[in-house]
Amino acid sequence: MDLWLKTLKTNTPQEGFELAITMSRKGVAYTQPSAEVRDQLRSAYSTDADSLTAASQVIAINFQTVAAANNYWNE
Amino acid sequence: MDLWLKTLKTNTPQEGFELAITMSRKGVAYTQPSAEVRDQLRSAYSTDADSLTAASQVIAINFQTVAAANNYWNE
Amino acid sequence: MDLWLKTLKTNTPQEGFELAITMSRKGVAYTQPSAEVRDQLRSAYSTDADSLTAASQVIAINFQTVAAANNYWNE
Amino acid sequence: MDLWLKTLKTNTPQEGFELAITMSRKGVAYTQPSAEVRDQLRSAYSTDADSLTAASQVIAINFQTVAAANNYWNE
Amino acid sequence: MDLWLKTLKTNTPQEGFELAITMSRKGVAYTQPSAEVRDQLRSAYSTDADSLTAASQVIAINFQTVAAANNYWNE
Amino acid sequence: MDLWLKTLKTNTPQEGFELAITMSRKGVAYTQPSAEVRDQLRSAYSTDADSLTAASQVIAINFQTVAAANNYWNE
């Protein structure tokens, strides 16, 4: 896979949150490499409340890592 | 997306808990950007006990991050 | 919502565990504000083993936060 | 509820693991206070592989807390 | 139960991972003490992808604890 | 099992993420040792959105461990 994760450092918490989203999606992409298949799946799960909650949970876990790596953006 | 997460710092634990709720919902919104669709889904999952427990779990995970960022609001 | 989370500090581990239960329930209450609806749901999920395990898991996650905030009640 | 959690300290890792089991069960008991109902539920979920895995996960989360409280039983 | 968890210390990361597997299985065994029943369940869940993912998750959580106890095997 | 986890140290965050994927798959392989069975299962769960989210979550949990072991690749 191409280089996509050079650093866990971000300038702001929101950029860190968005990095966590990228990491969550990459976790899927390593298992299902076809972007076409992933797009088909997205249309279904994006209207399923429990699937969306599960996606938000993976983001929350990855954000824990990113936030710690940035010392929670303190000073 | 607009700037919505400037800092993980809050004045009180309760504000931190409420930030964790915002983060949990944003994790959903990045995946399902339509507020209209999210509102429709909410009416269903808000009366499903397991869905509510799952939502509470995502909040708990995000609150771990917010609480650590605030050093648990000690002094 | 009223002020319900003033501090993460408790005198004892058990009070901390009970605070974690309150936090878990509040995570639900922010999503489903109706106490009446929540009471109806409780009668169902309190006799479902998997729902009870899921509830216990949210408590465990919140207790991690409370325990860390209290330095695990060491001295 | 009676006093059941006086301390997170244990003499050995195994006692800590067993405390984590107690905490996981108490998380259930606060939600379903009837020991009779819990016993009925146990006979079902103790033969369901996914329910057992879920129970083991709650124990693992609580054990993280107990192990940290005991500094992983180092020295 | 017999003594099975004397220490969280292991010589290598892989031994630590294998200890995490033991802990995950013990979490099941405390709830379902019959080895015969557990063997029957295993034949079913070991061919269910979601059950295997759930089992891997419990291992991952226990490995977090073991790795921290060993200071990540640094020097 | 052969030696597969010599160290948690990696040169870059992305290599760490890929190690987390290996760990997640090994967590499955210890439970289902047959590569043939695992390949059959993969074709099904790789087109199931919820299964993919669950797989991504296990990776996220393992990556927390790897990232901490590498001090988040700071300096």
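Every chain is named by a letter (A, B, C, D, E and F) in the order it is written, and numbering of its residues begins at 1.
Assume a residue touches a chain if its C-beta (ideal position, glycine included) is under 8 Å from a C-beta of that chain, and two chains touch if they have at least 3 such contacts.
These numbers come from a predicted model, not from an experiment.
Participant: Starting at chain B, how many touch steps does it take at minimum to reach chain F?
Facilitator: Between chain B and chain F, the shortest chain-hopping route counts 2.
Participant: Using only the C-alpha atoms, find the rotation that maps chain C onto chain E and quote its angle between 0 and 180 degrees, to the nearest 5.
Facilitator: 120
Participant: With over half of the numbers shared counting as same, classify the chain C/chain D interface as same or different.
Facilitator: Interface between chain C and chain D is built from largely different residues.
Participant: How big is the gap, in whole Å, between where the Cα atoms of chain A centre and where those of chain E centre?
Facilitator: 27
Participant: Could you please state the distance in Å, as a whole number, between where the Cα atoms of chain C are centred and where those of chain F are centred?
Facilitator: Once rounded, the distance between the two centres reads 31 Å.
Participant: Round to the nearest whole Å and give the separation of the Cα centres of chain B and chain C.
Facilitator: 15
Participant: For chain A, what residues touch not just one other chain but two or more?
Facilitator: In chain A, 42, 45, 50, 54-55, 57, 61, 64, 68 touch at least two other chains.
Participant: Considering only which chains touch which, label the overall pattern as line, ring, star, complete or other.
Facilitator: Contact map by chain: ring.
Participant: Using the touch rule from the top, order the ring's chains starting at chain B and going via chain C.
Facilitator: B, C, D, E, F, A
Participant: Which residues, counting only chain C, touch chain D once they are in their complex?
Facilitator: Per the stated touch rule, the residues are 12-14, 17-18, 21, 42, 45-50, 52-57, 59-61, 63-64, 67-68, 72-74.
Participant: Spell out the residues on chain F that touch chain E in their complex, using ranges where they run on.
Facilitator: So the residues of chain F touching chain E come out as 1, 3-8, 23-28, 30-32, 37-38, 41-42, 44-45, 48, 50-51, 54-55, 57-58, 61-62, 64-65, 68-69.
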